[in-house]
Amino acid sequence: MADELLRVENLNKAYGDQPVLHDINFEVNTGEVLVLLGPSGSGKSTLIRCLNGLEPYQSGDIYFKGDHVTPSSKNWQKLRQKIGMVFQSYDLFPNLKIMDNITLGPIKVQKQAKNVAEKEALALLDSVDLADYAQKYPRELSGGQKQRIAIVRALALHPEFMLFDEVTASLDPEMVRGVLEIMLDLAKQKMTMIVVTHEMNFAHQIANQVLFLEEGRILESTPGAQFFTDPKTDRAKEFLQSMDF
Amino acid sequence: MADELLRVENLNKAYGDQPVLHDINFEVNTGEVLVLLGPSGSGKSTLIRCLNGLEPYQSGDIYFKGDHVTPSSKNWQKLRQKIGMVFQSYDLFPNLKIMDNITLGPIKVQKQAKNVAEKEALALLDSVDLADYAQKYPRELSGGQKQRIAIVRALALHPEFMLFDEVTASLDPEMVRGVLEIMLDLAKQKMTMIVVTHEMNFAHQIANQVLFLEEGRILESTPGAQFFTDPKTDRAKEFLQSMDF
Amino acid sequence: MSWSVIVQSLPMFQKGFILTLQMSALGILGAIILGLVCSLSQYFKVPVLKRIVGIYIELSRNTPLLIQLFFIYYGLPGLGLKFSAYVCGIIGLVFLGGSYMAEGFTGGFDGIAKSQIESGLALGLSTAQLTRYVIFPQGFALSVPALAANIIFLIKETSIFTVIAIPELTNTALDLIGMYYKTNEYLLVLIIGYAIILIPLSILLTWLERRIRYGAFGH
Amino acid sequence: QTTQAASNNSSVKAIQKRGTIKIAVFQDLPPYGWVNKKGKLRGYDLALARQIAKDLGVKTKFVQVNANNRVDALKANKVDIVLANFTVTPERKQEVSFADPYMKVSVGVISKKSKPITKASQLKGKDLIVTKGTTAENYFTKQSDITLQKYDSKTQQFNALKNGRASALADDNSYLYAWVKNNPKYTVGIKSIGPKQYIAPAVKKGNKSLLNWTNKEISKLSKKGFFKDSYNAELKPYFGSEVKASDIIVESK
Amino acid sequence: MAHSGINIIFEGANFARLMGGLWVTIRVALISIAIGGVLGILLGVLRTFHNRLLRFVLRLYLEFFRIIPTVALLFLFYYILPKDMHLNLPAEEVAVIVFTLWMAAEASDIVRGALESVPQHQIESGLAIGLSRNQLYRFVLVPQSIKLMMPALINLVTRIIKTTSLLLMISVLDVINVGQQIIEANQQQYPQGAFWIYGAIFFLYFIICYPFSLLAKRLQRNK
């Protein structure tokens, strides 16, 4: 039976007066990949940021492994170690070397021993073909390499699930593939993921389930295989058409 | 017989010590669309900027309608009225209303009467479905709208050919289509164009001819129909593969 | 222009020069510390302190050092608060410089990309850890240009110490002019004195600015 | 001589043609040159200044100076004449031309009555307040072992003394007498130190025309008893009983 | 008790006199800011030109006024110019010259910075529609950079106003000088006069400068 990892109930969020998310309800099971699609401004980033406590929400509940999450900065700080997140702008810390970027969390937050953390970091770097770059600074890497490191940095904390927000959107077209392949790999290893992307072919390959958002509402929630061939709503059909030229 | 509009001979360009373009040779006939492809950093933008006099070049010759272009700022200022150019970042002037953005060139540079220029501007705005926005400021428009205006602004000077440098690269995915459709329209009206793009489907549809660049060299020059199905070089094949996920 | 007048005055100017350097150094150090404290209390929105700091910054930035010094030196003793001229000078410089430095730091902290802070949070860093590893190193690098400009500004402001009889460079020059009337010579030495401090310093600071920026951001 | 006269725009002719005389005065030194509560310029120097203008038949324009810019005010043509308690010294004679003196003075030292300083030797190792560019500063600069605090203006120096920033203050004894009368906690512990000196009007070096005129004016006024009257009106009310008119006024030669 | 001394401010004509002094202060500041501002914009535009000599000369001018403390500048202009150049100006006008030149120097740098921070692609799209250099400055660069330079210019204005406190040093009868006269004239009746008068002047400066500082902040936020 499917094992529920995350459940969101009646989530509402507004920026000031402007409501951005309306009554969001969904769940993600362990090992599943949920893809969020929707036009620009529909609230995908906002939703994903609420799941990580980066945005406060006005009402609604989030359950992590069946436990209700009480939104407080202390609670979120603990939870975030179990949630890996990667953003659009490859946000490595420019003042730290690659190795230190990766081990900062394990050493300072999880109090791992330095040599243990570094050994594991090296193994992870190796898995994305970047072991040679451990002692470099982010500025010495290309965008695609930085984004791969950002994924490694999140993985180093052994998260129980991962959030990806348009991680290839600011990459050169030729760099995109390498990053997407890592995500496909993770999916094969049954990492639970919530993914926002505009790469439709990739979304098609990776999605177990698609949530289609518009204006802060879930218009449909459809299994991946079906969504790309036969979406339930006309709006989604139109969206898919506009995306492929 | 084909009617040559632009010919480039042995163009060489370096930024300081670093050579960026090597012995570039090609020509564009009236009514033809030339698409420049190539990996990031291969020199596509630099080449297109040389054609508009925005970058000085070290050696080589540019012929416009058979006349040799003497590179001087005076000459270029005149020529630029015949060459429309649209950039990646939708570069409307934020301090001017849409109407003034469009008529600035016709009125100040080409000394057209204000009412004539504005009448034509309105007609052009209408053709891209943006007539209602004449009295707004650029900040009130979406990216896609701004980019359509930027094309209109260039067209208002009645250019003899157009240069497009990745004009959809910073647009939201859903906005891309509208801009590309305008370009397809222009191609149908036999506007001569040189286009840099990463949208392969679009490139396929619009290109009469493809120049494939790598490291500042033309690796191949192939008719559009052939390039996307059977490029001459392996490098181009590889490039096409990496572009489609 | 008489060279012998200049040469004879040099020992006097040397004393003033050293005093200017010493007081500048102390005042600037104090201003940087005060500025950092103020800026952090605003950045982290520390309840009451933030308010007080806000008032202090406005008072300090919108009044001239000269009148600040007059008030501290001649006015405060009326309330029974008396400090020596040197202490008053340093207090004045720290009072004035603290707000400038605070705004310099705040500019740096505000300049940190929001996404940097969020990725720090996403890694589970606590506020203290975030400050230590992300906010501080990057914010400091970003604020260096403003801090450098403030340092130059504060050194120049020490010339106003003359009004509370501190024998720094400007005071020395005005004093010598009053006694021996060699205005051209003494003003020339005065200007050269400031140039000796400020030109190398401004070159040094520009160099430092680039290095720190490169260390933190790589460009 | 005509060319010199032409370039001398502080000559008597030039002043009379212009219709105003620019006079450097103190404005913070009661009772010599100061601004009273109503904002009017008053004092012994001011009375002389107004008389000079009157006798020249011109209006006055007063320029405020501090002790240390009296010479430059003349040199830079900011003023035609300085009437700002300007003590005649050999150094100053090199820079400006002094007319005949109209006041006697020497350096005095005031201190707290409770801790009076009556001998220069008591100042050793202590702080002493002076104003930049005064004869007192000049005199004590030559003494070692005394730390001088040098202020820009009279207001500042007296304020500093009252705030207890030094053990004593040295300046021309003439205004120390006046100041002590208003500030009875203090005393002129050293009434006179260093050489006896004179206060005189000063004009720019080489301005013979105005210098000669001023000399004649001083001697004329002196004969008329102008300085005596002026003493009674401007100074006497501010001095204590220890000062007599003959301590201050220079008898005409 | 000290607070009993507050009456010194309102005694007789004292308050009116302080205001008179303040007006001198403001007058010098306003004239310098106006002339210096216009001059600064011109010089700032010139500094973006590629002429090396021009850039060097203007840079030198800026650095001169940057490095030398204003007190020294005032003395320099007050004493040396008239003596050596036979220019005889009253103190207030000398002050106006110094502050104007200083304002122009600092403003030119702000203007240059703002002009240069108009994004390169704005310049290029101006060129691409065939604008000449003059047209580029007139229609694109200057209008866009005005917004960018406003906060810094306003901060400079407050600095000029604050620095007018140095007028005292060259015997201009500004608000501080008048204040000292009042302290002196009332010293017997109000022994704590210094506290109240300097305190009052402190707040007068604050009242003048604070609105500018608010304005600068608001403009900065709106950016």
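Going by the order they are written in, the chains are A, B, C, D and E; count residues from 1 in each one.
Rule of thumb we're sticking to: a contact is a pair of C-beta atoms (placed from the backbone, for glycine too) under 8 Å apart; a residue touches a chain by one contact, two chains touch by 3 or more.
Protein identities per chain, from UniProt: A, B = Amino acid ABC transporter ATP-binding protein; C, E = Amino acid ABC transporter permease.
These figures come from a predicted structure and were not determined experimentally.
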Inset, instruction - Chains touching chain A and chain B alike, please list them. - result: none
Legend entry - Shortest path length from chain C to chain E (each step joins two touching chains): 1
Legend entry - Partner chains shared by chain C and chain D (touch criterion as defined above): E
Inset, instruction - Mind naming the chain pair that shares the most C-beta pairs in contact? - result: C-E
Legend entry - Geometric centre distance via CA averages, chain C-chain B, whole Å: 52
Inset, instruction - Please work out the Cα centroid separation of chain B and chain D, and write it as a whole number of Å. - result: 82
Legend entry - Distance between chain centroids, defined by C-alpha means - chain A, chain C (Å): 46
Inset, instruction - Quick one: report the Å distance separating chain D from chain E, using the average Cα coordinate of each chain. - result: 35
Legend entry - For chain D, residues that touch 2 or more chains besides their own: 69, 72, 75, 152, 156, 159
Legend entry - Two or more partner chains touched - positions in chain C: 74, 162-163, 174, 177, 183
Inset, instruction - Just say which it is for the chain contacts: an open line, a closed ring, a star, complete, or other. - result: other
Inset, instruction - Sort out which chains touch which and give me every pair. - result: A-B, A-C, B-E, C-D, C-E, D-E
Inset, instruction - Name, in rising order, each residue of chain E that touches chain C in their complex. - result: 2, 5, 66-72, 75-76, 79-80, 83-84, 158, 162-166, 168-169, 176, 191-192, 194-196, 198-199, 201-202, 205-206, 209-210, 213
Inset, instruction - Please name which positions on chain D make contact with chain C in the complex. - result: 67-69, 71-72, 75, 91-92, 94-95, 129, 132-134, 137-138, 141, 149-152, 156, 159-160, 163-165
Legend entry - Residues on chain A engaged by chain B in the complex (per definition of touch): 39-40, 172-177, 180, 198-199, 201-202, 239, 242-245
Inset, instruction - State the interface residues of chain E toward chain B in the complex, per the touch definition above. - result: 119, 121-122, 124-132, 135, 139-140, 143-144
Legend entry - chain D contact footprint on chain E (complex, rising order): 11-14, 17, 78-79, 82-83, 88, 90-91, 169-171, 173, 177, 180-188, 191, 194
